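What follows is a pair of complexes built around subunit A, which joins subunit B in one and subunit C in the other.
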Partner chain A sequence: MRRSTGLLFVAPALLLFGMFLLYPMLTAFSYSFFSWGGTARGGFVGLDNFVTLFTKPPFTTQVPRALLHNVLFFAGTMLIQNTVGLGIAFLLYRRNRTRRALQTLYAIPYLVSPIVIGYLWTLLLSPNFGPVNTLLGKIGLESLALPWLGDPDLAIWVVIAISVWQWIGFPVLLYGAALGGIPEELSEAARVDGAGHWDTFRRITFPLLVPAIGTVSVLTFIFAMEAFALPYAIGGSIGNPAGATDFMSLLFYRTAFDSGDPNAIGVSSALATLLFIVIFGGALAATSVLRRHEQKITA
Partner chain B sequence: MSATEIRTRPSPPPVRPQRHRSVTKPVGGTIGSVALWTYAILALLPLVLMVTNSFRTNAELVTDPLGAPWPPNGQSYRVAWTDGSMARYFVNSLIITFGAVLVSTTVATMASYALARVKSRWFRGIEALFLSGLMMPIHLAILPIFYLFDALGLIDSRLGLILLYGASGVPFSIFVIATFFRQVPAELEEAAALDGANAWQTFVRIMLPLVRPAVVTVAVFRFVPIWNDFLFPLVLLRDETKYPLPVGLTKFFAENSANYSAIFAGLVITTIPLIVLFLLATRQIVAGLTAGMSK
Partner chain C sequence: MNRNRKFLAVTGLAAVLAAACSPASSSDTTSSAAAGGDASSAAGGGDASSAAGGASGDLTIWSWRVEDQKAYEKIFATYTASHPGVKITVKTFKSTEYNTILATGLAGSDGPDIAQVRSYGQLQPTIESGSLVPLDGKVDLTGWDENVIKSAEGKKDGKLYSVPLAVQTLQMFYNKDLFSSAGIEAPPTTWAEFTDDISKLAAKGVTPIAVGAKDGWTLPIVHQVLATPRFGGTAFETAVLDGSKTFTDKDFVASLDVVNGLKDAFGKNVTGVAYTDAQSLFTNGGAAMFPGGSFELGFFSNQNPDLKMGVFQVPAPDGSPSDTPVTPGYADGAFGLSTKSKNSEAGLELLKWMATKDFGQQVVDEVKQLSAVPGVTYSDPLLQQMADNYKNSPTPYLLLTDFRYGTPSGTDLLGTGIQQLLLGDKDSAAVAKDLQDGLAAWFKPGS
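Our next item is the complex of A and B:
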């Protein structure tokens, strides 16, 4: 194909991509360096909007709190998917008859809208009429029938658990694919040398899984830092109860569209830029650690 | 797993000698099986409850949260579908999702063909630019998108959302489809060119049928996040007659917060198209989920 013809084929995609993805993404940062009066852009103010985030209430309390929740969300998800998720993938591996069916079943909640998942669990966990607490009462565990999403100390953990429940089919699937890619001969050789399941896993399988775990970690990190729809459905835009389920994206949304501050756009853009730096920096750091590990095992 | 494996059914694994089978017993044995099926129940039970509870009246739900949906009662669907405007939200979701998938798949397939065939440093650069979009947290650019839409008169427009989602689907679609085009041998096009076909005819008549599996995978896989997206319609639409399901659902939830049964019905209505899609195209969705692994 000639280059000029090729350009005609690429042009529509390039136009759409440039206009609705690249251009907004690039200008998003510039917004944070200006002062804004409503929707009109004022003068260049350097880092003032960022300074506001770290010095002025309510940001001085809300930014660290929301960021902490995002970090907990990431850590909790990582912990469960790399134990339970990896465990499931390992149990599934070699079950050639049922593997595909089970993987498919586990992936179903992943497809459902986070808004639906949030409302569904809000109803299921409802303190008085919810099936979960009713069931706990029936089997004599009345003391465990807690106001799951109403207790500020508990709510964030419940949000994390709900999210993990929804998301876990994805790591199971990716770990399954990675396990399937490990040559059978390696673990067989170990077995012949007298290694048990656990030893084989620890010495052979796990090191070879690290790249997949890395990929999943990076994707989980991005996912956790951007969490919006699920917490919105559960705690509304203010992260009820009492900000206990507040997240960075919710704070950004409130600041940009609900705050009434004339400089709302400047400050919320600074918040978005900050979040972008966290996401991009985190993903980049994880990827470089991963590359180093890959070099180590291939060397 | 690499994107290349999406192409055809996986070729049958090489026949292993019999002795291997005794060594490769599943991990965990019977206890493992029990654990796996127990988890499958845990994964699905909440969704099953969502469906069963939608067929019970609200009075039944409140007096006996664990009861069976028998006899089934469809009243809550009438409340949700008609009184709650879920019918309208449903149609909006269909328009936006199908429109966006059509736009992004079309432009991405055309671009992928050129990117796979033109040998040029410029085209490598363009491809890298497209693929950089895989890592862009596009939701963080909501403010510039809002102003862009404002300038273009696209606020409160379903067309605006179609174009936006169309653009956001381009990186993933090109990522999968271009890989695929590279595996199609060039001889076919040379033969078509000898027969006097121009580039467009070759693309539509020869190449498109060959890459159809990848195009289907991409279209199916993109359907899900667009159907479920929440932030963009929340910010970019004002008129509630244009709301897609997730945003419409928040309004419906607020208006019916005491009518659990109707809410369950609303949740089922929002979810059904995805379940249907999943049943029809499990293979494509699973392939899409694992496509990112080859990066």
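Our next item is the complex of A and C:
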């Protein structure tokens, strides 16, 4: 097919992409270089809005804090979701009869809005009415009946745990599909050569799962960096308690919508651009590392 | 697999780009504000599309009070009855998305003639975009509460840009049955009586004061209900605005100590208790008192119609610069005239009417809120009492009325600060210093 014919076919999609993604993105990017009076654009200020983010309170303390929480959120989600998710997928993959039903069950929380999940968990974990602490008290574990979402040292981990609980179905499904794609002959051959279960998994199955693990990791990274709904439902827009569950997107929300600062659009656009650079850079780096690894195993 | 992965990564990225970068598309993130939102401006649900009228005399009004649409229509019907040339259409939008919708509407050509606008700091971006007509000399607000008028003015030019609609007051709600079962005859009139009542209630096994400290926005309200006289209320406001005092002032620090000193009365693990938990604790009789805004009243009586409620002003704590108990308050919502209105004459007439007792009384009767218009009367005795308290001993809800003009906002800073105080992570002096330092990012005294 000629190149121009090809272009003709992708033109409608490109047009939509340009109109609804590229254009708004670039305008938002450009917003960060101007000063704003409400919605009225003022003069070009160069990098001033970015300088504000790095030199002025509250950003000097809140940007690093929020970013740290995003990173913790990523690391925690990544570690638990990938290991537990892979474990479950591996166990399910060997069941023929109940696999589908169980996969569906694991994926159900994933179908509920994070706002609802967050709200349900705040009710479950409430120190006054929450069934979790009541139950712990009933079975003699009062010492474990903690103020789960009221203790700043604990709250971020509770958010991570809730998020993992909600999204665990996603890696289970993805790894399930990837495991299904590995030819049975390979592990059979390994077994014939005398490899045990663990060796087969470590030397055959796991390396072949790396692309899937990569996909989950990159998506988890993006998901963790732009987490909004769940932290918002749990800790509100200021990351209660005491900023312990503050995230970049909440900071963006506060700056853009809760603030009486006339230049809110300028600074929040700068913040959005910064966040984009972090996400894009991170995803790009992760992808290139994974691609190299993939080439190694396919070679 | 490789192809598949790339596809996933690309779609994922695209979603991020769209969400992270454009202020316009960011409104999708605000649609989810149900759980943790700031209830001091009551939120609503639902949505409506808009189409502005074209014929002369047609006025379109936009508002975020979805739940009050019927009431507004009824009120404006009485106006159009006496102004036959005018036709009024009320459009309401989901509260959490309203700011974005309004900003777009006012900037474009199909926006409202009259827009319901936010108050104090949150009004400033609308004013700065040049979207509202200055009303000085056109609308008469003489005799109105100063603190209320301030909510409608531009910070930079001091001009009046809107007509305030409602007022919210902050006070202590109490459960009359729990009080009498603990042997308390009447609400306390001295600080000693107040702390004594707390002990009596605690001995009865109820939580004396319900506080939802997990939701930081409630804490500056708790602070003002409990300790406004301790830092000096209005006199302190004047001093802190002209720069003769700062928040590190010993009286302000002491007012934070007052809150911290009552920590045991808030119950165990208070920073884990959500605002909605605290509300239920009060309405189901688990707690005897609730420091809150007049906006709670409707919810409380709906939740438990049998609840015998009263309100009182907390007496001045020991060592207060002034012994008078006060009622902090703030204006909540206002109406302004769009500079793009094609019928600005008719719009201005309507705004003038919104500043009259006729309109204010109808707002009270139909919307069941405290009106910003002076001299209206209330059929609900509690609303009347709150209105009277505010009229007789008003003071601003300081962190909202004066310190929401920049980032970080005073209410956010103090909310987080009091959480740290209650957790024992910081002492009052450190919290006061954080507040002062945070505000210094944008607040210049004397401006």
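Please note the rule applied: the second predicted complex is superposed on the first by the 279 of 299 C-alpha atoms of A that agree within 3 Å, B and C clash if a C-alpha of one lies under 4 Å from a C-alpha of the other, contacts with A are read in each partner's own complex, and residues count from 1 in each chain.
Throughout what follows, a contact is a pair of C-beta atoms (placed from the backbone, for glycine too) under 8 Å apart; a residue touches a chain by one contact, two chains touch by 3 or more.
Predicted, not measured: the structure shown is a model, and the values here were computed from it.
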Superposed partners subunit B and subunit C on subunit A - clash or fit: clash
Which of subunit B and subunit C A:T5 touches, first, second, both or neither: first
Which of subunit B and subunit C A:I115 touches, first, second, both or neither: both
Which of subunit B and subunit C A:M19 touches, first, second, both or neither: first
Touched partner set for A:P241, first subunit B, second subunit C, both or neither: second
Touched partner set for A:S249, first subunit B, second subunit C, both or neither: both
Which of subunit B and subunit C A:S217 touches, first, second, both or neither: neither
Touching partner for A:Q81 - first (subunit B), second (subunit C), both, neither: neither
Touched partner set for A:F228, first subunit B, second subunit C, both or neither: both
Which of subunit B and subunit C A:V267 touches, first, second, both or neither: second
Superposition clash, subunit B against subunit C - the stretch among 99-107, 225-233, 261-269 or 279-287 that is involved: 225-233
Footprint overlap on subunit A, where subunit B in one structure and subunit C in the other make contact: 17, 20-21, 24-25, 27-28, 31, 39, 113, 115, 119, 126, 129, 178, 181, 212, 215, 219, 222, 225-226, 228-229, 232-233, 249, 252-253, 256-257, 265, 268-269, 272, 275-276, 279-280, 283
For the subunit C and subunit A complex, residues of the former touching the latter: 1-2, 4-6, 8-9, 12-26, 29-30, 32-38, 99-100, 103-104, 106-107, 120-131, 213-217, 267-274, 277, 280-281, 286, 404-409, 412-413, 415-416, 419-420, 423, 425, 437-438, 440-442
Subunit A contact footprint on subunit B (complex, rising order): 1, 20, 23-28, 32-33, 35-37, 39-40, 42-44, 46-47, 49-50, 53, 61-62, 65-66, 103-104, 106-108, 110-111, 113-115, 117-118, 120, 122-123, 126, 129-130, 133, 135-145, 147-148, 163-164, 166-168, 170-171, 174, 189, 199, 203, 224, 227-228, 230-231, 235, 245-246, 249-250, 253, 260, 263-264, 267, 270-271, 274-275, 278, 282, 285-286, 289-290, 292-293, 295
Contact footprint of subunit C on subunit A as seen in their complex: 17, 20-21, 24-25, 27-29, 31, 37-40, 56-58, 62, 113, 115, 118-119, 122, 125-129, 146-152, 178, 181, 211-212, 214-215, 218-219, 222-223, 225-226, 228-229, 232-238, 240-243, 249, 252-262, 264-265, 267-269, 272-273, 275-276, 279-280, 283, 287, 290-291, 294
For the subunit A and subunit B complex, residues of the former touching the latter: 1-3, 5-10, 12-14, 16-17, 19-25, 27-28, 31, 39, 88, 90-95, 98, 102-116, 119-121, 123-124, 126, 129-131, 134-135, 138, 165, 168-170, 173-174, 177-178, 180-181, 184, 188, 191, 197, 212, 215, 219, 222, 225-226, 228-229, 232-233, 249, 252-253, 256-257, 265, 268-269, 272, 275-276, 279-280, 283
